[in-house]
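Working notes for the structure below.
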Amino acid sequence: MNKKHGPIMIVNFKTYPESTGRKALELSKTLQEVQKETGIHMVVACQATDIFLLSQHVEIPVFAQHIDPQLQGAHTGHDIVEAMKESGAQGTLINHSERQLTLSAIEQCIRRASNVGLTSVVCANNAVTGSACAALDPDMIAVEPPELIGTGVAVSKAKPEVVTDTVTRIRDVNAEVVILCGAGISEADDVSSALRLGAEGILVSSSVVKAGNPKKIVSDFAKALLLCR
Amino acid sequence: MNKKHGPIMIVNFKTYPESTGRKALELSKTLQEVQKETGIHMVVACQATDIFLLSQHVEIPVFAQHIDPQLQGAHTGHDIVEAMKESGAQGTLINHSERQLTLSAIEQCIRRASNVGLTSVVCANNAVTGSACAALDPDMIAVEPPELIGTGVAVSKAKPEVVTDTVTRIRDVNAEVVILCGAGISEADDVSSALRLGAEGILVSSSVVKAGNPKKIVSDFAKALLLCR
Amino acid sequence: MNKKHGPIMIVNFKTYPESTGRKALELSKTLQEVQKETGIHMVVACQATDIFLLSQHVEIPVFAQHIDPQLQGAHTGHDIVEAMKESGAQGTLINHSERQLTLSAIEQCIRRASNVGLTSVVCANNAVTGSACAALDPDMIAVEPPELIGTGVAVSKAKPEVVTDTVTRIRDVNAEVVILCGAGISEADDVSSALRLGAEGILVSSSVVKAGNPKKIVSDFAKALLLCR
Amino acid sequence: MNKKHGPIMIVNFKTYPESTGRKALELSKTLQEVQKETGIHMVVACQATDIFLLSQHVEIPVFAQHIDPQLQGAHTGHDIVEAMKESGAQGTLINHSERQLTLSAIEQCIRRASNVGLTSVVCANNAVTGSACAALDPDMIAVEPPELIGTGVAVSKAKPEVVTDTVTRIRDVNAEVVILCGAGISEADDVSSALRLGAEGILVSSSVVKAGNPKKIVSDFAKALLLCR
């Protein structure tokens, strides 16, 4: 996936009960419907155990939430790119704040994902680590500015320089990488703000997975992305 | 699974190309055939991405190679028991030497596996850590005595006290846990030796996965287990 | 150190500013004074950087807060037993809840500490992991029952079975190991309760380090230990 | 420390017996002698337990081999910048290949080292991770090109593009950072080659620590650095 796809929306299913197994499949189908209705590209990042199931039943890309840098071989209990690929994954998150890796492992994972044709989405926790990730040349970077996490501050209400500074620092190092906003998105206004400030897509999770009516919130986000296209 | 099943044979598929995806399915069917022919209980421990596929197509138990102690929720990229269970797993390896956990995590994983009905197989690297694992009360302990790993020493040729000492120390702490021999098994003689010295089953990997004729070696191992029943 | 010393009090200096560098030295001297006044054995567990300084200036034993299982050699940035010993340490905490280790590493650390003559104090987070630690045969086990951490519940007010159950499970496995109570101690009554319920000493931290008058609280704890001797 | 110091030589003492405790002090004095004789700036990176001892007795800067990103407080067994500073350290290695950190931790360590006035030397395993480190703006980057590690290939005999490519990629991102060559240095010719190819100093270990006559090899390296000034 790349810039030509227009704005992208990745939904991280994490290990929520509402997005595991059969429920993961239902939610993926909802995302697929919204993609058909809006043309906005949807991606689901599910647990390793659900990749095969989902990729067999939906057409939108299924991503892993994590990969390990290990090669094929005597590496019990590791998530390697070849297995992800064969089970149907088209990409993977790397270094999510809940599953961090060493710098060396991040670089290996990006390279190995690329080797087998998986799209790499590296997560960065601030503008500085974002620029470091940019130097590693992944396909996408999802930035979670600390000012937007946990504090309940939404992108649309945050000081705009938090996002623009991050985008600027990443662009100084890498002109091609797709930049996603990975925090502070809880309503459609936040989506519009993120894109206006330079992001080219969003990485969301609980705002969709935990929603009473996921289809409505996904549609709202998609429409906001559509307006920014 | 427990002592009533008689001798058990778990095959760890690791991340070998010969035991990933479709090839994992083929090898699982081979194990199933041997179970039907011999009555020896076979278990496959596959990658997380293959659990759903295998559990849909074979009747022998499919185990995970690793679980994390995280609960359901905001834990991106973790392997949790509920997801393993729903994807079809009936048990899991825990603390394999290639995927080690903290003591606290091992205890939580055993407890959480038990809560959802997954069989727990904890790996221990020597007699002392084996006895510590016994205190944690898992369903099974797979011991890999260091004298039998890497050095190329087979159980059948090793000093018998290496295995008997391990069995004795575990039994001092826990009378019920099923003890598997997890190293030094490369031919049928090693299987017989392991059981004669007190093990109640085997955990094998490359000797089966990398075999030119896996069915033959699995059959040989199963027959050796049968004789010890 | 062993049972013959009578009740033991270990003060974990953690990385508090009040117990780093020169302030660590002052606090150690306070502990030494109380030992002289009461006869109760005091131990300070300080940061690696302070071991040499403290062991040069106080006579009470100085312990490390952590060791790694690495051997001497090409292991940059690790805390090995030989260096701890040469710098003046007489013992070490192992597997503190804030610095956890794999089961295999815990076993190696205990063994390696013993090889160079360092007293090993393994921390366990509950009764079950405590009994696992007992099987590893360290010199002491410091147990932090979860019911006594963070919840603000003091030993003296907790259900007594929380502590007695832990002591019983450890004793089932190991008759010799010294058992310390490592949580729920904020006043002298808690010390008395812990010992009455079977503990043979205490591992404390903030209640001493963060005290307005550390000498008073240490004296109070020592007197409570003295009464239980 | 910065570019104004001219070529720099850091000796990583690791956890070798030849560079622990009293022997660490002797070797530090040797380095100091060579600094006095040649004017080349010498730095010793010793174990945490030896920082106080060495910094009391030698005038050359003493660096830590590792720091953790934890703040002062309830963090048992961690190596924090304030304690390093107070014990006499003037800088620290960060993310050595034998003690790797997450990307987020590397960024925090650099920032926290800077806050207390410690010089930061981040280690990178190849040209790509080196450029990522450059984006984090440490004081120095020590690069260990994989082609020069373990393979026994010396800088002076390696393809020069291995080093020049690394230097170029780092310079593209950061004009100020001091670049050290951290692998492939076993004799004086390698030092000259490294500097000719763009490095501004060297990070060495076993070639000095394990030498029969450390003073001779240190002098040889210093003279090679002197010629390149």
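We just call them A, B, C and D in the order they show up, numbering each chain from 1.
We take it that a residue touches a chain if its C-beta (ideal position, glycine included) is under 8 Å from a C-beta of that chain, and two chains touch if they have at least 3 such contacts.
This is a predicted model, so every value here is computed, not measured.
Undergrad: Relative to chain C, which chain's C-alpha centre is the most remote?
TA: Looking at centroid distances, A is the chain farthest away.
Undergrad: Chain B to chain C: how many Å between their CA centres?
TA: Measuring from centre to centre gives 37 Å for this pair.
Undergrad: Approximately how many whole Å separate the CA-defined centres of chain B and chain D?
TA: Centre separation, chain B to chain D: 44 Å.
Undergrad: Counting only residues that touch at least two other chains, what does the list for chain C look like?
TA: 97
Undergrad: If I apply the definition of touch given earlier, which pairs of chains qualify?
TA: Here the touching chain pairs work out to A-B, A-D, B-C, C-D.
Undergrad: Which positions of chain A touch chain D when the two form their complex?
TA: 95, 97, 100-104, 106-107, 124-126, 128-129, 131-137, 169, 173
Undergrad: For chain D, which residues are in contact with chain C within the complex?
TA: Against chain C, chain D makes touches at 12, 14-17, 20-22, 45, 47-53, 64-66, 70-80, 82-84, 86-87, 89, 93, 96-99, 205-206.
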